[in-house]
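These notes open a run of structures that come right after.
Note that subunit A is present in both complexes that follow, paired respectively with subunit B and with subunit C.
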Partner chain A sequence: MDRRAFIKLSAVTGTSATLASCGSPENHLIRFVPDDEIVPGVAEWKPSICPLCQAGCGLHVRVMEADVDVTRNGQRGVVKMGVAKKLEGNPVHPINQGRLCPRGQAAIQITYHPDRLTHPLKRSGARGSGQFQEITWDEALADLMSHLDALAAAGDQRSLAFLTRPRRSRRHDLIALFLNRYGAPPPLTFELFGEDVLRRANAMSFGREQLPTFDLARSRYVVAFGADFLGTWNSPVSQNAGYGLMRQGRPGMRGKFVQIESRMSQTGANADEWVPVKPGTEGVLALGLAHVMLADGLRPAGAAGQAGAVIDGWSAGLSDYAPEQVEQQTGIKAATITRLAHELAEFQPAVAIIGGAPLAQTNGLFQAVAVNALNALVGSVGQPGGVFFTPQTSVAQAPPSTVTSSLDKVAADLLSAPRSPIQVLLVDDANPVFATPHAWRVREAFGKIPFIASFGNFLDETSILADVILPDHSFLESWVDARSESGAMVAVASVAPPVMRPLYQTRAMPDVLLEVGRRLQRPLNLTWQTFDAMLHEGVAALPAPASGDAWSAAQKQGGWWGEMVIAAPPTPIAKTAPVRFTEAQFDGAPADYPFHFLPYASQAFLDGSLAHLPWMQELPDPLTSAMWSSWVEINPKTAERLKIAPGDVVEIRSQHGSIRASAVVSPGLAPDVIAMPVGQGHETFTRYASGRGANPVSILAPVAESETGTLAWAATRVQISRAGGDNNQLILFAGEAHEHPYGHAR
Partner chain B sequence: MASLAYHCTGLLLLVAATGGVAACHTTPRGQAESTSVFTPARRTAGAAVKDFFGVRPKAVQPIAFPHDVHIAKGLACTEYCHESVTKGPIAGLPSVKTCLICHAAIATDRPIIQTITELESKGVDIAWQRVYGYAAEAHVRFNHAPHIRAGVECSTCHGNVGRQTVAERVVDLSMGFCVNCHKSKNASNDCLTCHF
Partner chain C sequence: MAHRWGMAVDLDTCTGCGACVTACHAENNIPTVGATEAARGRAMHWMRVERYWEGEFPDVRLKFRPVMCQQCDAAPCEPVCPTFASHHTEEGLNAQVYNRCIGTRYCANACPYNVRFFDFFNPVWDKPLHLQLNPDVSVREVGVMEKCTFCVQRINAAKTDAKAGQRSLKDGDVKPACVQSCPAKALAFGDLNDPESEVSRLSRSPRGSKLLDELGTLPKVTYLARQTQV
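For the complex of A and B:
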């Protein structure tokens, strides 16, 4: 069509549109009297907390007036209200120090999402059909309470389960307390990229069951084993800030950074030296480095203390880990191993980091303990430029949760038992139907639970199974809190009041729990009327600042932070048998399934829980520039051998299923590894994520880390084949990887 | 002639841009009320055409507010009703709550005051319409507060409201008007002072 034709056509379309138009409906809406005193046009900055990952970054929210569509007494209208317009990092918060990652920036879209659930819903069709009808809060609460009362009357309180994410906050303390008072088991937690392996390793090596904090700003040498610490792992904003200072914050001194991993991550792309390693052998390399240090007399074996003692063969000088042997296992040249060990010993302070895929192998605990021992040997534990543990505030009042059974076992029990061991399931902030391998059969298992209630803001694969949905406020409309496990040198208990009034007929989940606890036939005796009273009590127990009280100061600045005198020293470590090297096991015979399948946390979506945010869909992946789509990364040589060109549709098949995705040919991974970001492939998750791309988690093997039982999500082998030509599903922001113009056989 | 051609082409394109959203907006039952996604397009083709030519309808206020009566009683503009004018960019329009600060006691026998009292008790506000203001395409960012601080009278830009009942647009706030005043008072005439 030429320009002239376009203009003519536009005129015709426009005319018909004019005839069809019927005026602006806004002018006919009622305007309600505002509740707030607002100075129009003047921004107010209020503190809040980013809810998207465990880091717990402080937010600074720009609040200004806006006309908001509301329904009051059944009448639609508009009201002027102070609402959140922009999220930035809280400049005084010790974790993120005024910075914020792109995911945090996009968190504002949760509040204004067009597919947010705006009122309580009751299932009206078959379970999973997505048919719901609107009900009132009275009806929703009555429904939930009648089920809880019925369980209590039958003496069957242990059949109540609460599924959530493992997070440290008063919100989660309240969930645990609610269950404890009711007589139910502790909360069932699930997170795909959970960190239980590293916590357990840190407990064994250092007596702290906690994620580590790195003083990168003062390091001179950093060696990371698989940890995407600048992108998605642990406390990324805090680590980015420290990394920036390490590289450019000290005139004349630029710290060196070596990344060891199987697939080049965003973090690896920043490294001075990127060392590819065979999946599952990172721990062997760490002990290889330690061997060189011991053999060359750079450090005495005793320097590692307890962290060394938990390794089998440590005191004997790790004789099985000579560079030549390590080369055979890891694929890294012996000379490189020797050089790295010498650099690590000589550039002080130095620190080693492990996270991500190496911990998601069947030998994950061994790998973590090996890197811990290396850190201890180098002398970086508790030293400037090394590894620390963020002091924890002891405000937890809920009884410490006993060991929770893992979700795969719960699902298996549900499927095998004649009567479902869970009669009532409450779900908050968890979507295991999406984020677990299909081999766990979570959807099928949940189908056997008679009553499911969800507190979700959105319909996702799990909440669509619910019988009743009691939608929570968005975080900007609620009292929020977080106790950061890592990322700061001081103890941090973030807390913040709502920054705006609720837009819809939603209620804060903690307030709903408190109300239900009061109104049950056997009340649960939860002392607080509202959640903010509970938060107040927690913060008031902390040391007060020099002037004023802790609670007012915390509300104003977005939390309490400071030095914490730990009442009791960390629990001494139970003597365990030394950790022995075990070879990583992979699901699928190498002959039939020749490729290691490496799913990884997506920069935009983490474990997929952010795929509903259009800004995140629109964010180009830092390495491939792909967006709005799924892709699989394949080594150029492999692609050439299998005649796969960039953009071609590739079928990836494991022993447990198959998915299809577009190929991205990338030199940043070994020929026998293929990698795929997690996050797309939602069936039900708002208009932006539903039916888009494929979910790599679905085909993972149900293989567990051998010591902790957590999902070993990097232990699946797959076969791949070209399934078709370019179907235009892969959307790249920057075309091809121009620096590597490979010839592709068609 | 060239200018006319420019306008015509632009108009057609504008009309095209609105076409997609010009149909009547109805909210399907059972859906959330606020499912609209941001779009720069106008609600109707007519609105797009009018905006393009800067044609604005005369503001019709829901209540014929007598400015003259209130000013004659000695009320300053910046007291109660437009009090944000000294604090920020926007002068602000009073809600019915503000009316009742005085009218809870004054002139309560008048039908119009009774109407306002009734509105307030229902929690419904008066939908005042904008009288002055710039089109979004002008990219003007006007801030009242510095003008008030510089001692500019309200009447300089809004005319003698003391002689008006319902406020009317009596001063043409063209760019020339602004620039002349800025020149005479040695205020900045940099583009970015007013435009973004």
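For the complex of A and C:
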């Protein structure tokens, strides 16, 4: 050992001895100078936007000071920072009016999740092994840009694909613009519980390719076909607000609510009348109701206008839909059909809603236009207490890029082509490897893509396949925006600045796109230096408030909302042949697969993208009180016949695979229906969700809605069998599925 | 006149969504205990939504009922506490003083509503989840009993604000976290000593009743019955 090495060594050991002598390594020596002006103990409230679903609820974030562990220039230390403490609803926001659903409140745990990705990563092991090494942002960006430059140099720009969710926002506009300037196809979008069927139906019936908004507060009669509109569907908080007023907001007048579905949902539990219907026959029932109204002279056929004209046989009085015939198909008594039709005609204003499983059948489009026609017939379209379309801001007029091929086709192309048609895949906010049927073979297909970059915050089943991960900021650390497609009577363009400084070495995805666009060998000429400049431009183009400018006002209150001077013009209605009745097709012969399998969006996890949040894992499910569990719901008679007791392990087998879950015996579904919440069954999704439960999506049949090609996730039949006794995997908060080993603690 | 805090729950508008449950966790630093401890019945939800099935398929109904501490005026949890940790405040709240509590759990035995939760271990927030903690609410350590406080920190903050603004508290100034978040506005909170307050008005409703009224606990939470339309 030479003198130099000795001094080095003694310096190092001396330092670590000093550090160790300070006791817990958590007590850092370094305190950085605070960045913010914060008053200890005083809360500041800042606006933001909930990113968890398409509703786009406004947030009101409580910000207070806290000691935060940070790394600055490679040095670990502690700094006082203003950090988010609680998410509440933004009281002035037109969508959620100050309220928030359980998921929205748990969104804060995304920012503070212990397994968040804190810096860029490069794959160091085999793809999918989960072995990554830390790299710098310079290295990560250089890696991404070299692949984009190589594609451009080879004139192969169309081999770039960007996978994200179908959302309406400037963020998504930027993705589309980036791809357009680069010369790549429009973004590839995927959402398990997507709404393309309903949008298409609304375009056909009403000329609006958009999700509907319901004026429930002024309705006297609501009939919903499968839509979990008080739980997970469309714009749940705004719909809950309207529902509360519909029930008790008008002295002396209480609206009636009828729910038609195959499995009692949280929404259905609130109905005055719950009508179980055979899966896939909801549209037939809707036309059966229309038939009675026409036949009994309650409404003229012409009252439905275009929405009626798109239905085959409408002008002839829907002669195929007499109550007796409808009874045979739907399993609902003819007398009930007649009574419901008369109620619907007499209790005004009335509104019909369709969503969820009925649209995820092979005849989903037929079912949707049937309910649309019913709405038009009772006169609820655009009327108080009826169905509306939220005006869209002028910046939203560019139609969402619907002309993308669906993910199952993309996967099939990837698997069959000798050279992968996608050479570079960018992934943002999408986890199709988890949320698609295994029969689509998405994981295998993605394996053939030479280069995958993810902007994910977490390692999940899709981002683990990435070659490089460029982690995005959390929504509380970024400029955020959303254009609500539904949920308000006025146009809503939410926008908000960051609530707090970033905790880690992450970068906002839109800013990364802008930077990459500038630094490519052939720059993309994106106008803006930063994403907030793009947001500024969009909002500044909107009508200004009475005093001040639109941009300052929007930042302060969390968005721009108001009447649009020039509303977006309705989509021209394409001349199409009238929609004919088609019977719902199911995968699996009834003799071998006797049960309809109904996966549903869970109240806690939606499509599974929230299973990593501990508050959501421990939130008791509304209908079963289950926590941290996967379960399958079985009718009591079926359970008795198959000798399945509550808590028993049940195997569910389709033609495409099998899963196991604990049995919940529930009276809220028909003897031939098996239901299971989506969300658990993650292989890779943080310490809280990995390896927990089973994923019902995995065994779904690759069956598509016949007109739109979207996944018909309610069209699979299964067989079930008892696979074993209670294995203590079903955890209930209330009621005992089994004896607790330590007795009940409370 | 002193306040007398109460709540009204409209079962006709409650949709069972669970927003109140998460709101309560976020506001009151209630730990998640994890799957293993939850399976032992140690999950803590000061606010829960109960469900009652009636009938058989196809004529089946399900009713939701949010249940939190009923803040009884004749609270069975109070006289059994040997250390006066569980006690009655001047404003009618059943308060729990954590640093008096020695963990006998007599109060939880006595409570007919099952709304008291014992800390079987020190709470753990995997870092940096601790950053979400509300600095206005103390974190409970092992061996003490905890329960709904009607968000007493919010009551006190509203009083301080009113005093600073030289005005008196008005109806709606205090909203516990559950009431604040409720998407369907099924929950109302306020002063029962103010006959004009929303909660007083709702508590007088002919639809109103108290949970387990026959026990004589004199709860300050009124449930307004769900109605049925035929």
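The criterion applied here is as follows: the second predicted complex is superposed on the first by the 699 of 746 C-alpha atoms of A that agree within 3 Å, B and C clash if a C-alpha of one lies under 4 Å from a C-alpha of the other, contacts with A are read in each partner's own complex, and residues count from 1 in each chain.
Note that in this section contacts are C-beta pairs under 8 Å (C-beta built on N, C-alpha and C of every residue); 3 or more make two chains touch, one makes a residue touch a chain.
Remember, it's a predicted structure, so these values are computed and weren't measured experimentally.
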item	value
First (subunit B), second (subunit C), both or neither touched by A:Arg72	first
Chain touching more of subunit A, residue-wise (subunit B, subunit C)	C
Which superposed partner A:Val39 touches (first subunit B, second subunit C, both, neither)	first
Partner chain(s) touched by A:Val490 [first = subunit B, second = subunit C, both, neither]	neither
Partner chain in contact with A:Ala303 - subunit B first, subunit C second, else both or neither	neither
First, second, both or neither for A:Ile30, with subunit B first and subunit C second	first
Subunit B versus subunit C as contact partner of A:Glu618, first or second or both or neither	second
Which of subunit B and subunit C A:Arg254 touches, first, second, both or neither	second
Touched partner set for A:Pro114, first subunit B, second subunit C, both or neither	both
Subunit C-contacting residues of subunit A that also contact subunit B	41, 69, 114, 503
Residue ranges of subunit C touching subunit A (in the complex, touch as defined)	10, 12-13, 15-19, 21-23, 25-27, 32-35, 38-43, 45, 48-51, 53, 55-58, 60-64, 108, 114, 116-118, 120, 126-135, 180-186, 227-230
Contacting residues of subunit A [partner subunit C, same complex]	41, 64, 66, 68-69, 83-89, 96, 98-103, 105-106, 108-109, 112-114, 230-231, 236-237, 240-241, 243-245, 247-248, 254-257, 264, 266-267, 269-270, 272, 274-276, 503, 603-604, 614-620, 622-623, 625, 627-629, 635-637, 666-671, 687, 692, 728, 731, 733-734, 740-746
Subunit A contact footprint on subunit B (complex, rising order)	9, 12-13, 15-16, 18-20, 22-25, 30, 32-37, 43-47, 84, 87-90, 92, 95-97, 120, 123-127, 143
Residues of subunit A touching subunit B in the complex	7, 10-11, 13-18, 20-27, 29-34, 39-42, 69, 71-72, 76-77, 79-80, 114-116, 118, 134, 503-504
